[in-house]
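First the structure, in the form of structure tokens, and then the observations on it.
In this document, chain identifiers A, B, C and D correspond to the written order of the chains, with residue numbering beginning at 1 in each.
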Amino acid sequence: MNDPVRTGIDTEVRYAETDAMGIVHHSVYLVWFELARTRLCQETGFRYADIERAGHYLTVTGVDVRYRRPARYGDSVTVTAWVDRIGSRGLRFSYEVRNAEQLLATGTTQHVWIDNSGRPCTMPTTYRPAFERLLDRSTVDA
Amino acid sequence: MNDPVRTGIDTEVRYAETDAMGIVHHSVYLVWFELARTRLCQETGFRYADIERAGHYLTVTGVDVRYRRPARYGDSVTVTAWVDRIGSRGLRFSYEVRNAEQLLATGTTQHVWIDNSGRPCTMPTTYRPAFERLLDRSTVDA
Amino acid sequence: MNDPVRTGIDTEVRYAETDAMGIVHHSVYLVWFELARTRLCQETGFRYADIERAGHYLTVTGVDVRYRRPARYGDSVTVTAWVDRIGSRGLRFSYEVRNAEQLLATGTTQHVWIDNSGRPCTMPTTYRPAFERLLDRSTVDA
Amino acid sequence: MNDPVRTGIDTEVRYAETDAMGIVHHSVYLVWFELARTRLCQETGFRYADIERAGHYLTVTGVDVRYRRPARYGDSVTVTAWVDRIGSRGLRFSYEVRNAEQLLATGTTQHVWIDNSGRPCTMPTTYRPAFERLLDRSTVDA
């Protein structure tokens, strides 16, 4: 039974994020996803900035995004993130972007752990239990 | 038999496109895709800027990107784009990003035609033959 | 005696905002200024998004920024904005960016009002008193 | 008599660079300046990417930009850069952005040399003569 920890951040649409169609440029959603992922990582008790300082990186190996409705300057959006898969060398996050109740976009990002030398590595054992708790909230409560 | 028209653009990595990992931020690839898509549209004989001025927009409804190797400041990359599917209301483009011979990333973007009111519409008949020629080069030669 | 209304916004450094030097790219400060300017405009009682919808734009005609200390991923910064000059056709905003007590950067942006046709115009009389109150808080209290 | 070496780069406006006003966002000009500065540095015979790899950085301490006319998607702009001042610890570049003959913007950026530790340092002697030749083309010919 899988009930991942979901974390949301709110962000105001920035004028610089809009394009000539008058809507938020589609590349910006990846930046918003990252913002939510940063917050979700904090839930592990390890800030991602500290993980990098300690010599490990969660490099991005794949992304996909589905856009349903546009966001505009003046809107405030909520981006929710959760871990939806953990492997020995990587993990996958899922996201939802909403403007109030309206679903604007969904997406996933795939990541591989790399070390200081830039080579893929297994997930550092220091972080593993913390990230596993993100995947299934029921293990926290148990 | 499908042999789509491929168009490539060369672009130098901009310092502003890199991030604290020392590599190009993954969101930038969508901007590079767009640059190659703009060039590919020119091959139809209709500049995308003019298509918008005439009241039609190719809005982005989905993207996916696979990242294989990073790009860095000092690199110059080639982005190749081609149309890989045309439907009555939308189309899909495919992309490859290379640094010399090395494949850095691949991806696709899905688009739906909308009109000035923001509503999805069928592909304007003015552009249809031109885009169909992009899909299958053999129809041009035939 | 001039005691302008100052408004501050807090924003977390986004990974995408950093560059290969490991610090926030200098162009990002203009985006942060804009975020604080948007908030400051709200203090007038007129949201900038609504001002545009009503057909007026505060176009940017000049910027300058002095950078003192870098910001990094993991930092949260406070951007303070205030109006420091109002003319018949434009205005100037000033900014400070701080990380806790440390001053990271200062700057100004100059703006000219334009109308829907893209031509410079005098400041719409609807907004003038509200913006003048931003310039000198004492007029509000008087 | 000062006749600095001027270098120009051409760049096509990217859709992602535009904003909801339908014009290029003002922060993008700093990215364009950087592109021209990179090219100008190449004229010294030292690529800036290599200078960084060797442990020196030209950090940005100040910028100013004056905007005269907007750039739009579909436009191609030429950005010209030259060194207009060299000090013992820093230098200043000047820029012009044109769309064909029309001047769109002018600006300057100020820089200080820092070393790997992040501390300001004097200009590395390796690069000094090369940068001085940029300042005054007549010294090259002399």
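Structural remarks
As a working rule, contacts are C-beta pairs under 8 Å (C-beta built on N, C-alpha and C of every residue); 3 or more make two chains touch, one makes a residue touch a chain.
What you see is a predicted model; the values in this text were computed from it and never measured.
Of all the chains, the one whose CA centre sits at the greatest distance from that of chain A is D.
Between A-C and A-B, more C-beta contact pairs join the chains of A-B. Chain geometry summary: the mean Cα position of chain A and that of chain C are 29 Å apart.
Annotation: 35 Å between the Cα-based centres of chain B and chain C. Centre-to-centre, using mean CA coordinates, chain A is 25 Å away from chain B. In chain B, the positions touching at least two other chains are 15-16, 20, 27, 30-31, 52, 72-73. Considering their complex, residues 20-21, 26-28, 30-31, 52, 57, 59-68, 70 of chain D touch chain C.
Those residues of chain A that touch chain D in the shared complex are 15-16, 18-20, 22-23, 25, 27, 72-73. Those residues of chain A lying in contact with chain C across their complex are 12, 14-16, 30-31, 34-35, 38, 47-50, 52, 72-74.
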